[in-house]
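Common to both upcoming complexes is chain A, partnered first by chain B, then by chain C.
Take a look at the complex of A and B:
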């Protein structure tokens, strides 16, 4: 019964499975320690960004500033990290704190400003992007090799990217979502009035959800820094909408209340790997976007067919 | 420092509570008292102020003035959380549940049992839920089931368990049993009596007086936002209660009912319509020129019936005949083409597109009629809209004015104009006069009577009993998705409609209907 909650992830699992099988047929080399590392590294930034988006979507909102926070943390990390392990750790902590602060701004504006989340985060998207540009007007920066290797290397078939992701999932995400806060976040997205009547502090819940989102977006930025070994104020842009796509693809409801981590994480890998697969399939880069969008559309329509069986169309249209 | 105290017997005492919404006085210096360890019923017609009182007692809204004493102390309930912390738990009329959470998560929301690491303990939560179920002798609920998979009755049980899980000193049930079956209600009251023996007080709002009366100690009757009186349940007759609820009526003027021609054709016939949950075995006939009223307490399936006739639901069982021919009303546009019009409950979201102009709203349903090849002739459209505005006497500055800027009554007329334009034969009205002023109401009554005179069939569901009594040729009373009574001719009186809705015996002495 409790597993029903995870049913919504099935679509993403099946899609990624089929994609990897096809990829393997085209390019058998992916089944090697090197191939596993490449695959894992490709999707981890988006997977973390998808978690950042998911926690906000669970409250019934949407966070357009995810990409800007990814850029901002990438710029801070690549600019101030230095090469001493102590300074690297200090800057990582600082970066996560900046992410939390960005989420706090979003959360306070949504909870107490009574402004639509999409508008709040659109405004902060510009602000955070601007801050990223102030930190790093030109792409560049310095990232020590041991930092890059610790996150993008691998040990046999175990990519360190997976270790990093699992640490974030099982040491941060799961404990938070299994606390009272986690239930409150889902309850607020499901039925805000009901949550208030049930004695839940709705504004506090919203703020903490956005803070948590900010931390995960900053973690995505830190991972991206290891991958690119440089800072770029424009690099995060694509993560905003792709994180929304991953969350929806992963079975969460944009209206809030429903969604679990595995779906969006797996969908993030699907969305990241598909570009390489299209390349391996010999599809001209000119048509890649069209195929990417087309495949996403087919998968989502397929996943939504069941809702059309409803008794009352009004319930569909109101969602 | 000695706070003002009340008599030792009262757990809760409310003095001179007043609350108004805009111009409407929902509570007007209302008093109410509930003893320790008693089951106390709140009674009153729709709009008497019961639900507002419950919302104040549960911290959902603050009163404009007045004082509340709880356990001898003067208190304020600043939020639902605050009321809960002070020992008041409420089962709300609009369910406060979460579709995507499990049964156990719903019950313990906000006070889940935790493990030592601060994580919600699923195991302890399930065990605690089962223990609650056992107290009520319920064995069919699975704590791990998703709420969205539950029937309405089971959801109501969950809502009750949710309130009980907080071990309240005062439990308020606001229509908490409307979806429960007879045996479940009996079990619930058996449990409430146990709680009562332990000193918990229960304030109970139910419209099913016939079913619940035997379990209740005292009853307080509300009318027009104030307490009429508190009586011992065993010492008061049905007639007396109906009389207290109705009181002295303000006579409203209704247009004269046109006589129903003897040979009027049957426009619409419904045979044994069911939707599996909210509509059960509904049969009705509507003749041309007839105004058919649908009565009953709120939420007994009246809205579902109108929506079903308008094609909003699929997979209905039973038959619908239009002009004697079977019709399959499976989509709103099919119903529209078949000549059925719905003036919906919520004109702001379902009836109109508020930012669009008066012209666009009126012509929306009939645009193809004013043009050719898919283009609209603005001139013909304007002519038509002007005609409608004149016919319905809609007060507008101009036809390009946005619909939002109109008063509620005029907005409602726009909805009607839109549907008149389609040439519909059957008009379904869903609570058409809610929230509109008296003058516009009167105009609306004229319109309904006018539709009937023109030979159209009208079905009206309204929460105002006086309107049913004043407008209808026939009134069908619904309860729990079923037609429980049909009133005709001189039987259509407010006391009889009210009595049938509450499941009481005839509110008035039976009158002989002349043959």
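Take a look at the complex of A and C:
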């Protein structure tokens, strides 16, 4: 039963497992407290960004503004954080609120403006990046060491990044997705007409999904701030498409309605760690991105090999 | 060793040159001015000497590059590889590895962590963000690894900087143009990528000059250092009907020239970067040109600096390198422009003052 529920994530788990084994063969030092810490730190921002993308993808949309919200929250956090614990907490809350606000704008435009999500978020992508550039025209800013250490440090083999991610996953994501809202989000993504007929408030569900996405993207930005200890308005760009890749790789359907959290999160780690592995393997930098894309493609094709065995295309189309 | 004196003398010369060089630039060939400077000049009077513990060679050196999608970065890596293959250099280098993370700060952090794990002696760095790597640089330094940043330098003082002075570059372009237009006129300013350190510094240098002349009016567009983008935005600016008396451009200059050609306008004086297409067109069409460019040999110079410091030499923490300059008078095919190579090729492949001399044939043969 559990396996059925999570079987879309199996591909990502197997891929990450193989990648780590190969990495360990090339660089045995990753099995040290420092190694565990860098592995965990590497993928956490993308993992949070992938959750932000996943909740929007579940509604049948796609959020191109994820990277811009990551940049914006990174700039806000690094610029206003200060060094007093109280101001740090206040700025973190403010940053998450700005993320929620960004999601609200997206959500309202999608739900009531009746504009395609891809266009709405493309437009807001420019707006949010512009705001980030206004907050921080030049890279810089300051983050207190205790903030950076609380998120990127580690206790023996336990990296704090894992703790932060699990808190977001089990204290925020899971309760929300198991609530009526979560069910509504999946229903709207699967069949908006049917969801409406069953009495689900579709616009409200859409808005809340985008708000949730905004909050997770802002959380990704906060994590990135701890990792880089500074703000840079151009930092988030790569998270937009990588988060989409992580979501698809993690087994969610871009058409909406289907997808569970573990897959995209694990896929995010795979996508983030792969560049270190290519480096450890001594691949020329010029071909690294070719290999990165190639490995991703091979993994995805391999994951879909079963489709060759089925007798009837209907089974595939239904899946 | 009199090193301090040498540095001060050189600093004086650099700052004085800041005022005078521009006037000189026109009469003297550009390389002559560059030739007057020593290789490891300190950035300014506040520059400290970098303290680092001497280490026994040969060394394991890693080049951490960010973006790889343009000709400059490709040449930079080719030149760095060619440099480490030179017999005199090879003796000091046990292992040399290169990695490119793309313009993705966390990927570059990961890559540098990987280099820390691999136990290298020095990391030579072209950063994806001037500030985003500071924490991982702290970790590297704590692990006893020397970090030398070049081109897109980082802000932390724990790393050595090797770069051309971008402010000065913008200033030189502007001064040359102002002389050409007679202290007045409409100047089209083609900027780079918004929000980057290089764009801001070059523009500040340009503005420092322009604002001194009330008769100068500037119009800004963003060409993103890219020929195609620059051509498009310049064409748009020309379509607005404004007559421009000169162009100050941070890059994508081949595109800038093409946009003027396509509009059928007379070519104004253009001060810009050092792309091959720009210089080739200037040689062919004889329009007034000043070309000062970021040298792709900076990566090799970073390696040279790293090896020197590891060997125990005392160098400044920030090193300002010479500005490779060419004007119409100094253009020479096969030397500072290459009619048979692509437009996108970056011409200043050698930094002769630092003993870095390469030929286009040699570096293009190197596999990246």
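Here is the rule we go by: the second predicted complex is superposed on the first by the 302 of 319 C-alpha atoms of A that agree within 3 Å, B and C clash if a C-alpha of one lies under 4 Å from a C-alpha of the other, contacts with A are read in each partner's own complex, and residues count from 1 in each chain.
Following the convention adopted for this analysis, a contact is a pair of C-beta atoms (placed from the backbone, for glycine too) under 8 Å apart; a residue touches a chain by one contact, two chains touch by 3 or more.
Everything numeric here is computed off the predicted structure, so don't read it as measured data.
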Chain B versus chain C as contact partner of A:257, first or second or both or neither: first
Of chain B and chain C, the chain that contacts the larger number of chain A residues: C
First (chain B), second (chain C), both or neither touched by A:194: first
Contacts of A:235 with chain B and chain C, given as first, second, both or neither: second
Touched partner set for A:178, first chain B, second chain C, both or neither: first
Contacts of A:140 with chain B and chain C, given as first, second, both or neither: second
First (chain B), second (chain C), both or neither touched by A:227: second
Chain B to chain A touching residues, read off their complex: 58, 60, 79-81, 84-85, 90, 92, 94-102, 105, 109-110, 112, 114, 117-120, 122, 142, 144-146, 162, 275, 307, 312-315, 331-332
Of chain C, residues touching chain A in the complex: 65, 68, 74, 77, 97-107, 109-111, 113-115, 117-118, 129-135, 155, 193-197, 200, 367-368
Of chain A, residues touching chain B in the complex: 1-2, 4-5, 175, 178-180, 182-184, 186-187, 190-191, 193-201, 253, 257-258, 310-314
Residues on chain A engaged by chain C in the complex (per definition of touch): 27, 29-30, 34-35, 38, 41-42, 45-46, 133, 137-141, 148, 152, 224, 227-235, 237-238, 272-273, 275-276, 278-280, 282, 284-286, 288-289
